[in-house]
Amino acid sequence: MVGRSLRQIVWARLRRDKLAMFCLVVLVIYYMIGIFGPVIGPSLGLDPYAFDRAAISDRGGGPIGDFGGISAKHPLGVEWGTGRDILSQLLWGLRISLVVATSATLLTVTVGVIVGIIAGYARGWADMVIGRIMDLVLAFPFLLIILALSNVMTDRITDLGVPPGNPSRIAYLIIVISSFGWPYLARIVRGQVISLREREFVAAAIAMGSSRRRILFTEILPNLWAPLLVYTTLLLPAYVGTEAALSFLGVGVIPPDTTFGAMLANSVSYFRVVPTYLFIPGTILAILVVSFNLLGDALRDALDPRATH
Amino acid sequence: MAGYVVRRVLGMVLLLFLLTLTVFFLFNMMPADPARLTCGKACSPAVIEANRHHLELDIPPIEQYQRFVSGIFFGRTFSKDTPRPIECEAPCLGYSFLRNTEVLTLIARAAPVTFWLAIGGFLTWMVVGLTLGIVSALKRGRWIDRTIMGIALIGYSLPSFFIGLVLIFFVILDWNLLPFPQWTTPDKDLGRFVQTMLLPWITIATLYAAFYMRLTRNQVLEIFGEDYIRTARAKGLPERIVVVKHALRAGLTPIVTAAGLDLAGLLGGAIITENIFSLPGLGSLAIGSVLASDLPLITGITLLTAALIIFANLIVDLLYAVIDPRVRVG
Amino acid sequence: MSTSNGQILDVTDLRTYFPIKSRGLIPRTIGQVKAVDGIDLTLAPAETLGLVGESGSGKTTAARSILRLVQPTSGRIELDGQDITHLSSGAMVKVRRKAQMIFQDPYNALNPRHTVGGIISAPFKVQKVVPPGGVRAAVMELMERVGLNPEHYNRYPNEFSGGQRQRIGIARAIALRPKLIVCDEPVSALDVSIQAQILNLLKDLQREFGIAYLFVAHDLAVVRQVSHRVAVMYLGHIVETASQETIYSAPLHPYTHSLLSAIPIPDPAQQKKRNRILLQGDLPSPINPPSGCVFRPRCFQAQEKCAAEVPPLIEVEPGHKVACHFPIAKPPESVVVSMAEEEAEVVAGARDAGVVDSGVMPH
Amino acid sequence: MLRSDAWLRRALAIGVTFGLIVAASGGGTPTQSPTGGASVPPGESAQPTEESKKGGTIYILTQAEEWDDIDPQRAYTGEDLAFFGGTIMRALTAYTYSEEAVTANTLTPDLATDTGTANATADEWSFTLRDGVTWEDGSDLVCEDVKYGVSRTFANDVITNGPTYAVQYLDIPSNPVTEGDDAVFLSAYYGPYNGTGQDLFDQAVVCDGNTITFHLNQPVADFNYTVTLGFSPVPDPTIHPDLPDAVDQYTLRPWSNGPYKIEEYTQGNGGHFLLTRNENWNAESDPIRPAYPDRWEVLFGIDPKVMDQRLMASQGEDAYAVMYGNVQPENLATVFVDPETPTPDFADRAVSDYDPYSRYYWIDTNKVSNVKHRQAMAAALDRDAIRANSGGDFAGALGDGVIKPNIGQDYAETGMWTGLLGQAIPDNGDPDYARQLIEESGEPMPALTWDYPQTPTRDQEAAIVVDSLGKAGIQVTANPIPPGQYYGIVFNDDQAHEFGWAGWGPDWPNASTVIAPLFTDKGGWNISRVHDQDFVDAVQDAIATLDRAEQAKKWQDLNKLAMERVYVIPTTFGLSQVLAGTKVKPIYQWAPWGSWPYAVMYVTP
Amino acid sequence: MINVEEVEGRAQHSPERPFLSVENLAVQFKTEDGIVQAVDGVSFTLERGKTLAIVGESGSGKSVTAQAIMGLVKGMGGIVSGEIWLDGQELNRLSPSEVQALRGDEMAMIFQDPMSSLHPFYRIGDQIVEAIVAHRKVGRGAARREALEMLKHVGIPAAERRIDAYPHQLSGGMRQRVMIAMALINSPQLLIADEPTTALDVTVQAQILELIRRLQGEFGTTVIIITHDLGVVADVADDVAVMYAARIVEMAPTSEIYNKAEMPYTLGLLASIPRRDRGQQERLDPIPGNPPSPIHLPPGCVFQPRCKYWEQVPESQGDPRTVRPELVETSPRHYVRCLLPQDVRRRISHEVLQSLRGSAE
């Protein structure tokens, strides 16, 4: 057989998948904008916090002009009631949306992997206790709990030294999203570890006198990256959507900051009068989520072991 | 098999116990003071204190919890030492002092709405999801597969509240195809019931069907690689039987798992959908209870929802045994 | 050669039982799989002992127990003069230098995420041994020795064919110059043309480094090819052990006769001439082994005594031990043993009881 | 949609559970003396005959999921009081039905034959009941029923949330007990369920045949206005054994003495409340309720956006519907030309008028104890942006105090923005002057947190607060609170922050129902935690002032003083917009509660 | 019996076609690494009632050949060319539903792993009944009785009870018996057994081979048995075809293969097998090297890189590194694909087999 490492095979397969590459490029652009947009933005005259009283009408606070007040000054229009620039909000909002989704994903994956590995490798009581905890967490109506605990937990986070207001609220979002997300991942990892630990290379490692730590982290962990990568890619868009749903229900960042979810949630009020409020962030969000999902699918195909061997 | 069921049920009881404990103490952290909430404009610390006593909030949490649990089995009496004690018969999930109603009564009132919503949505998405998933798997790589999967991807990617709102705005407001949703039971006014539930069903089905299409497709394709499918074909079975009887049945386990849990989750209230369509179900009740900091009600609904999911887990596990004879061994 | 009797390995009355746990909230032990039920083995330096048996006979568990990959239930394992039966896992680390293992599935036994170099150098790193000239040079030398191209140092296992992968596994096993290598079905997953290459390699290495092999296999022909002595296992017991020549030319146990007769011979003429002893059914359950002689239900020699008494392993001539009440030198021309019907569902039962998880059954 | 104004609506609805925004008078007429004004005939320009107005159903769309309270002693929300008062709950006196605010704010007799008779010192008031008033089971409504209803107010352990003027004004000593369970009761009389101090109550409220007399502990010149709040009759169980008084009963289905009775009540999103005709209501006994429609149906849990769309479209049943809430900001420009004029499409069914409420930001004077700091906050705030965000011209005028002009003589300009704080402050704030004030304070400005009940509009308002105060170097963090928990939290000393959003309306046209509850501990709405003894003394003095004009002057001064000390920062004097279906008449805002004129509404074919 | 076309690629359409005739069969799979030529120009014929063994190492194309005959390859995305004549019908040209009607009826197949080849969720009786009902109009009761008979016939003890067992309740040997019962239930003319004993223990393997042999005698079924183990087929097969790298490299009657094999690969295989009928050898004599990748086959003789004798090919035959040898009949019904001249081949054969025999007692 022509020899290539799995990494090379996966990369080669992805390279050939034009749609996946396109999505990858799109995502890179999104992240670049998320990282650099708020840095470069001000020099382009963008400021999401600046009110433009002149852009909104005295009659109801709506934007003056068509399509949500699209003008040279505000290429995507202005916010109802305040006249803040939509384009700027999108740039800054993207950053928070990505920070929330990415951090929550990383946290979920970290916790899920650690717990999953422990449960999978430990067997016996530890496995059982972790299993029951996972069952318990999975049984909770998480939307309800997130809503109910939003304030008290945000306060607790503030007490821990996180700046009050949006930093604490973002931290709450990240923590709360991940704390209901990890069991799914932990289950997957546990299953993988259980099957991996029976593989003979683990026995071989024991036979040569490897420590438990070496077995867990050098032998088993590298074998998890494929499922983890796929799961992560699919988790990210799910979390972008979760953030939007939570914003819709009123848990999330508050002005002056915004996120895609918050913008969408607010836009619904004005949808009939100013459709662009819905469609502009909606389209941008949809492209982000669809790109993630398509890339995740492509990765899954590329990493499919049955196709590899 | 019987032993298996008994063990699973015992496991469920333990889990439920842990659940009541967690829920109870989780919500003890809530900032809103229920005693303050019951106190009107002319409120003095003494009144708050007294109400706290009547609400039994002045006893240690452990004892509150004991009373709560014993209320579930034996019933309990609130405001015992007032002229107007409130009898709450077993199973007593608590009493909403904000709504002056037993939590169980409130839940029982909301439950039928959610039941119909969930069942209708469930059937719709299962039928659509499984059918299209199979079609997609059979036509793998062709345009019809791409189209179905494309639709699934979009349905999967849209924020959940978005679909319902767009449906309301177009179907009801713009095109006037349906009247405004107004909940009624099917026995009272079947036409109105269907008109009201149609869009909620579609909304829920759109969200879930996408997932089930993908799941079904993946399962069927995966099972197609199994040796026994080759055997079935080697026997000369018609493709239809190979797909439905051999492939789908074998791939049913994760679908049943997901369906059981999703249905249970929905039966506990579809918070967003119910709110969008003004359906007086458990989801709306839940949101209302959270906004009003109605602790007994939040606790009751959380417990009920979680118990449903735990119960669904049990049912799903038992269903495995029906589907897969290998599981039946004790 | 530090043992009094000069053996590199001395195993006495080794038993490995796996508990069968009930599933559910609080798992209880509801039975035991007696995978290895009291076996004795010795192995001299540079000697190969073949351990043969059908799947489920306990040979793999025995092999793994000896290396403490599975914790034996009782018995004593002496490796190079040191009792390792109850050594802590920390203390085992040093011992493991002396004893290595080669596995059946050359793909499964190599971590797909590690390079060949990484795999073969792992023993050095784990044991903190720095060979003269450095690890990398030592690894390349090893690769060369087992017939791999050292330039492939940075390749991954999936880039190699089955035979080459088994060579990687062998290189890893000999890296620390162990005195004993336990080979668990090292060639059964390989194509015929490759099998011979690997068997030759193992022999060469033994000659070169004086390694003792415990060679576990189900294929009597393969075992014969490499072994000095052979032990036949059945349902956790050793039923016959002797020198290679004796086992193949003058076996005494009915089971050994049956096994030998079942081996196909790639020669139609020979094939037609051979004895045919057709055992019916499969191995009984190791959870509920038959009373008395475990082979009794499938034995053409079985008599009442066999059900009542466990036959001891008796030395019938020097180096030839057999556990049978009615050993037989020349079996009948053709026998078909019919079998009680309960025996048919057996392996399945053990499998379903969750024993597979504990690694008793090869999968 | 759920979040936007559903939550605002919830905020108001649940806020009122604590008596947040309690309705009051409109117009500018001083209603000093109790006069028995005749009822103004409803629908002055009505062409339809009395007979043709009869029949049909009027639908009420509301975002609320249930009534806050329908117990006669608990109901305390303006719109609810108007609706119940017009349909099922009669009181001794009522306000007049009229489009004219001045007329509407005058009293008219309801259960009583006139609007009450006071003695010379105004500390003894008598009302005589009409003949022929009945409960829904047909039994007569007697004097004891009124007395029993009033007595329930004293049962603080059972009857919570309602107005407590009976406790405040009736001549019964306060409860001396300060510890233990008994401390719950505000008065030495513990209410009818407990019975302690019953003799005290029987001395204070006396039934003599059809005449009920209230003995007060102080002169109350407008006590006949007070009896519109919490003095409604409840069947005395000793006289009406068939109409038991159970708490559960009264929270869900009080007995009616009006032209309708409760047929069905299901709470929650999608729930409804149905009134049908009370066959035992005697039209002769009721001069002010023509009771045109056959049924009233309240639909709960309607999304405000959807509500707007339904009423704008006015299709089917929605043609007979009115909104219980406000037109959403995004639709204002469609429905109205300007804050006075509906657009032609909505000419006969949209109303824009001042509601009874003042909106303001409370400041915890303990936490921000330096008055210069509070002044700096007021100076920095961009009130213009806040108003624009709330709807601009449709949100109402910028406020200059807590007393709203439509209360009448108690209002006078405070000059808060024209020099009271040292210099004139523009509508969009003066950050420089704010910095100067901070400098003058001699103390560093503390970091602040702004509490508010969360709605999208107020989320944006938070942004304005944070931004405009930030320009003056005041660091503010916004703290959204679920509307249902808002007042519970801001009244809790441990959880409230430095300042926050609030709104208040007077209970009747006297600033005593504004200044006292807001800035003293009397009345329980002192979120600013004002404990300035000079101010408390001045309030006591004003209440005790019998001369209404003199009293008005004192309220004006106190309003000004409160603004100078910046106990609160006033934002807007609220204006609200409502919409009805095409077939509901008459269309106007009834001034007393800022509501629809429920009692006189009818449907056109 | 065996009759290979003289000229590959030209089909013969004589009416007296043998029972099974595979002509120039080729199967390709498209993979992302390139086109895999899984079967390349395989031709053979098989008379009714006879047994052909196809022997080869993993990846040699033997299983794909079998599945191509069964018409199962197309469903897996393979591209099949060539002709497969079974009892007068050309299968490759039939519609999928026509082939489906033949499968399980006219021709049947059993597979390597009896555990994974039986549907785990259905009772074995039902799985057999399903095969009956798919091809014949039989009531379920009758079908069940028939299934029971067949289970008894293949030697399942207590078949009355076992008919309602699930596959996981049976041992490996029992499962393979069930598979055989299922394959034979419609009395197929052709039975293809794909590595039927590989997954089984040696004692069970002997039972199953015995069973196949017995049933073939009773039913007169034509059998193709596919294996990697030359030993297994020694007393089962009438003819043996050896495949290497997608091609048949040698084909002959069984005894001829074991005694007069000429192709160096076949000889290498024979020499590689440790035999219990021989004394212990110091070293085996294996084929060096590894099988080629099916995507990148050597341009000449596919076996050349591993062949010890290729340098003995005279120039007149062409360079084995570039010239592909054809399958030629070296003696009656003995076909060899090799560039070595016949005499050289026979000499090598003699040497190798003699040395093997020499080491036998």
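Labels for the chains are A, B, C, D and E, by order of writing; each one numbers its residues from 1.
The rule is short, and it goes like this: contacts are C-beta pairs under 8 Å (C-beta built on N, C-alpha and C of every residue); 3 or more make two chains touch, one makes a residue touch a chain.
Keep in mind the model is a prediction, meaning the values are calculated, not measured.
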| item | value |
| --- | --- |
| Contact-graph separation of chain C and chain E, given in steps at minimum | 1 |
| Chain labels contacting chain B and also chain D | A |
| Of all other chains, the one whose Cα centre sits farthest from chain E | D |
| Geometric centre distance via CA averages, chain E-chain B, whole Å | 55 |
| Mean-CA-position distance for chain D and chain A (Å) | 45 |
| Rounded Å distance between chain D and chain E, as computed from the means of their C-alpha atoms | 93 |
| Separation of chain A from chain B, taking each centre as the mean of its C-alpha atoms, in whole Å | 24 |
| Shared-contact residues (touching 2 or more other chains) in chain D | 1-2, 7, 309, 482, 485, 489 |
| Chain A residues counted as touching two or more neighbouring chains | 1-2, 147, 151, 248-249, 265, 268, 272 |
| Where chain B touches two or more other chains at once, by residue number | 14, 31, 161, 165, 173, 272, 287, 290, 326 |
| Partner chain E, residues of chain C touching it in the complex | 54-55, 161, 163-164, 191-197, 199-200, 203, 218-222, 224-225, 244-245, 248, 258-272, 276, 278-282, 339, 341, 344-348, 351-352 |
| Chain A residues touching chain D - in the complex, by the definition given at the top | 49, 51, 53, 56-62, 79-82, 84, 147, 150-151, 163-165, 248-250, 254-256, 265-266, 268-270, 272-274 |
| Chain A residues within the chain C interface of the complex | 1-6, 128, 194, 198-201, 203-211, 214, 219, 222-223, 225, 308-309 |
| Complex contacts: residues of chain B adjacent to chain D | 31-33, 36-44, 46-47, 49-51, 53-54, 81-84, 86, 99-101, 106, 109-110, 113, 161, 165, 168, 173, 176, 179-183, 272, 274-276, 278-281, 284-285, 287-288, 290-294 |
| Residues on chain E engaged by chain B in the complex (per definition of touch) | 67, 70, 72, 75, 96-97, 100-105, 108-109, 111, 113, 116-121, 130-131, 134-135, 166, 168, 179, 182-183 |
